[in-house]
């Protein structure tokens, strides 16, 4: 029962539309009658000027548009030519130069969507072009002037996680003269590298490797490192976040940053109950690393079981780096004691890239034994031996051993979901953070201003974590090296008069750009975060959420013009 | 699916189309008149094929009952 | 808190639909058609559904107006009524009872229509009473 | 028949658990909605049966929204049948009522009403009055589905042609809580015409009922043109159920159309 | 209405003439829909293809103002084919022979020429109507708002009597009253010639009765009708005018003339809830109360007296209308001391025989249909059950007459006026209702596309419409709803007020203006 007095959707009375029909050389004019389309356009309601150009995008064409804007006091410009993807920005900025709001520009594609697909149908193509122009003009009548959205940017970055990924990001960001706040939950930075023996193929000691980065980071005056500290609260959005940090029981620390890097890493699975895991005779690769690091390693006969607790129901993914670690450690054992027997039982070997392929062949050369096991019949650890059945041949084998090493996967941290809620960033079904696009935007989140790197995203090797850390720094730079944030004005808006706070839009926003304001009982759009996808507008039952530039009356006037 | 520039947009669309097809059918408008396919900008031949196929489908169905009803009302 | 639903009869056309006016703290917030209405049986037309809206329109007249120096200006009830009564008296005593005329209204209640014609006939003394029955 | 409800309401009012009870009463010769606030003044309370069972039902949930918007901190009791309870549950998911502030008092519908409504669940989860009637499936939907596509079209067009655009289907609907209505969007549906644009007007509303309609049937009862709207929306609910395994008021959680991604279907 | 709304749904044939029922009386339309579902034949005679016409088994678009001819033609066919109800005519009517002589002069061919309705369609109407077991006529202002309004109504009565469709359920001649309480205003004596209950002012008995009831000396001169009062203002015989809840400046024909008349008043008092165009001209404006702010009763089109109940206090300083009248009466020296509407109703019941049994405690729920002469009487569902008020039903022999104004070279288009579904009368209430206003914010002129093409007018163009009385500007709506040569305008919109154009020619008997016919010229506005 609507009590709001509504205005009838009338066309603005002072409409002055200019239409420019592009021949595109012979690309368009060769297949349809551009003059007829121009003549038709001139007859449409609101159109005060129509012109055919050989190439509208040429300097001459642009000049003509600009001249017409001033001479005919145009307040809408429609260009019927090629793809808006390539040419809309040019036309818009040209209109803006001539003093017309660029959002009052509308483009019609009569080339890709008309002349090119109807090459043999001159008359029909001409009619279709007229129809497309009519639709464009109908929409143009309802366009509204907009202002680009601008927001300030703080040149400071919060990096969550002091492992190799986070440290690398912090180091690179600091080198770009950005101020960095690095937060590490543990009392010491370095992450998993602190427990690792050495790195392949360089053979450097992990501790030394990470120490060098830590020192580098510590030496920079524009990095503040908070150890033993956790992130408690995050408010704001890209360019202007307000962060609350908490160190132990101490007082909360307030920080303001422009971007956030999530580098919280992952943890090795504790294989309780698997293969008789006891931490002594049956240990994990991580424990083996520690033994190797501390020189406690004594065993003569070692069996490593791959995919221990991985690629099983409930944890289907491949942890990707465990094969490499097993091969590395097997080779190391062989290097230390060529007489030692090392046996790796695997399902598939995941040694991607030439470098790691090389490692595998080297290990074989050193006498490490590899055997496949059938996941349906996993090996058994019993009385100092490992029993397994060779697939295909079906031979049952027993390998006597004094140490069983389980290659367990990296799993998401328990705290990940809390952080996911704090930042409103998505996780996959395994609890790893979900990037905006696996191939196109692997280090970004869908939410602007928040980035990720390292094993928080997916198990990564040290080299990968490092390069992702450096990569994420450049992603942050693309944002923070601008004076201010300028985004398209074509974002969603919610009419506070009519919103009833049903949360439909909020649930459907992939960018976390909508917030429910309990005091007002309505939802509001954060225009900085909004990408203009329109999911909210399509979901809102009351047309309270609309997408600027694509409002119902704009779209429907176009459809009604068909 | 899932490759939408706007992340889940096409998932939302697909759900609505599934619903709409059945609603149209119940209202007496052939559901074949509504079609939703995802064709990327790199898949020109798929697009052409789809469009030709759809055109054929529509041609076979004949004019929309809505158009006919509209014409009757106007006459 | 005062929430009431008041059964009444529509003021638009002659169908005589019954509905409840939904009143919250002295403001009408909605119309609910009465299932027991003999004419409408729980149904209404578009005008009926929105009948509560004009009642609380900001455009409603809320104070008596009197033309002074050519303009209508707000006055007290006493002033407006005194003026009306005295002018009526003046005119009818000068020109006879039939120099005054009265438009009753199809919008008023029976009781009010009864009263206006009684007023015209008994108090003023004229049968010049009519209303827009023909419109 | 109302003794148990009255007892329960008296109890709730006396204990101060609720500020008022929104139910039905017989007043001035009409059965209508009424907010009972005094535990000693429940005499006029009825359950909405004048000549036939349930022939005087009203959208109490919708009225409750009106009250709750002005008094968000108060708790109210409300009379619910099976459909009303489905309505409440759905309104909770749409953030229009706060489940902590509503105490439903249930009545089960008699078989006669369940039959007439073709109700899938003619009783609320808990009820103090009546007995659990048998569920009914929607023969009216089956009947139309059985028609040839052309006959379906003709039949709906004939129904819609009578529409006098009173908006009653929307105005009575407990699920229509919007301040601004798409049906009034001039660009979507031309205004000022009778009948309203066919079939856009009714199909737009049908689309809006997806994931929302709880099958109370008040729209059908309020329609001055006797358009079988309930059948249309029953089908809408069936489709959503078939496609997404969700039926508003019966299933838990939000409408699949309001969930990002495809999680709901799995 | 002779019969009740609910009865309509059981009629076997419904003849709707001059009523845009779905727009103006939607809840009566509901009963028509239902009757049709039950198999009734629906005939609609209307110059426009109104909504209900689209649903009819037969719709004829007769020329404006040719109702008598059409009805005579129908009756001609009925008589010719022997479809009339001989026993009803013999037992319950008189004047048949004179009547038949006139009807004989209206063969279908001739009627087709006058009305533009084909002889075949005339035959079909006659067949549908006469062959139905029960046939109900529903009419509205399309019948009455003519200089021949009374003739039109009498012709409908002829048709009903001819076929015996009077005095039983689901039949009758049923006017749909346009306003919620137009019935009540008439019942209450809001007419210049009668006291409450249609007791004539010029009959000594009734004069004496009311003089004693009211303790006053009463005039036995029949008073002036609204048109006469307006003329009186013009010629100076009427000096003071007190208008309650009416907006004659917009509702009466030839607004320019009305404006002149109202401006001539020495005292113009307007009592209303909005600042109407009429109120703008007043010397005193008294803010009355709306229906939601007072107690009382309305009498609907089926003579049903229904309760109105106060929901809220009158807004601002506005007051209920009965209180205002009482206060003025007391100031004038005629004492009134009612404590409320219920007490007034007691007095009404005492002096009005048809309301004799009506009291507030009997009006709970569905109310009562008058005649209801005593407290035990259950009310009356349909009239003339056992005979007509005058004894026998009188057939009137009625000849067709042209409307007062016909098209010519200068004014070549027929114009008719009416209501739309979202607005009501002069729009005072509906246009102050945001939802209704949004549904239709402005007026329009409905014009056939052939006329539009000839005049070079496009959809939505602003045109000026001129009659002998004035000119208004309005947007056009090009449509098939009206035939070539006919235009239509709703009269709710002050900025394009149709009644600037309409003809103040009146039916000689009841002084109803001919809103439904005038001649105009349409041009594209400059």
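Each chain carries a letter (A, B, C, D and E) given by its place in the written order, and its residues are counted from 1.
By our rule, a residue touches a chain if its C-beta (ideal position, glycine included) is under 8 Å from a C-beta of that chain, and two chains touch if they have at least 3 such contacts.
Values in this document were obtained by computation on a predicted structure and should not be read as measured data.
**Student:** Which chain has the mean of its C-alpha atoms lying nearest to the mean of all protein C-alpha atoms shown?
**Tutor:** Most central by this criterion: D.
**Student:** What's the chain with its C-alpha centre farthest out from chain A?
**Tutor:** Taking each chain's C-alpha mean as its centre, the farthest from chain A is E.
**Student:** Name the two chains that are joined by the greatest number of C-beta pairs in contact.
**Tutor:** C-E
**Student:** Between chain C and chain E, what's the gap in Å when you average each chain's C-alpha atoms?
**Tutor:** 20
**Student:** If you average the Cα atoms of chain A and of chain E to get two centres, how far apart are those centres in Å?
**Tutor:** For chain A versus chain E, the centre distance works out to 70 Å.
**Student:** Could you tell me the distance, in whole angstrom, between the mean C-alpha positions of chain C and chain D?
**Tutor:** Inter-chain centre distance comes to 36 Å.
**Student:** Determine the centre-to-centre distance between chain A and chain C, using the mean Cα coordinates as centres, and give it in whole Å.
**Tutor:** About 67 Å, centre to centre.
**Student:** Counting only residues that touch at least two other chains, what does the list for chain D look like?
**Tutor:** If we look for residues of chain D contacting two or more partner chains, we find 28-30, 164-166, 171, 184, 186, 191, 224, 257, 260.
**Student:** Mind pulling the residue numbers of chain C that touch at least two other chains?
**Tutor:** 4, 7, 18, 29-30, 36-37, 40, 43-46, 49-50, 53
**Student:** Please list all residues of chain A that touch 2 or more other chains.
**Tutor:** 1-4, 6, 8, 508, 510, 535, 539
**Student:** Using the touch rule from the top, collect the residues of chain D that touch chain E in their complex.
**Tutor:** Touch residues, chain D against chain E: 28-30, 161-162, 164-166, 184, 186, 191-192, 194-195, 224-226.
**Student:** Which bits of chain C are touching chain E when the two form their complex?
**Tutor:** Touching chain E from chain C are residues 4, 6-18, 21, 23, 26-28, 36-40, 43-47, 50-57, 59-67, 72, 77, 80-89, 91-92, 95, 97-135.
**Student:** Could you please specify the touching residues of chain C with respect to chain D in the complex?
**Tutor:** Interface residues on the chain C side: 1, 3-5, 7, 18, 20, 22, 24-25, 29-37, 40, 42-46, 48-49.
**Student:** Which chain E residues qualify as touching chain D in the complex?
**Tutor:** 22-23, 26-27, 29-30, 33-34, 37, 51, 54-55, 307, 309, 364-366, 420-422, 435, 438-440
**Student:** Can you name the residues of chain D that touch chain C in the complex?
**Tutor:** 19-20, 27-35, 37, 50, 55-59, 63, 66-67, 70-71, 74, 164-168, 171-172, 221-224
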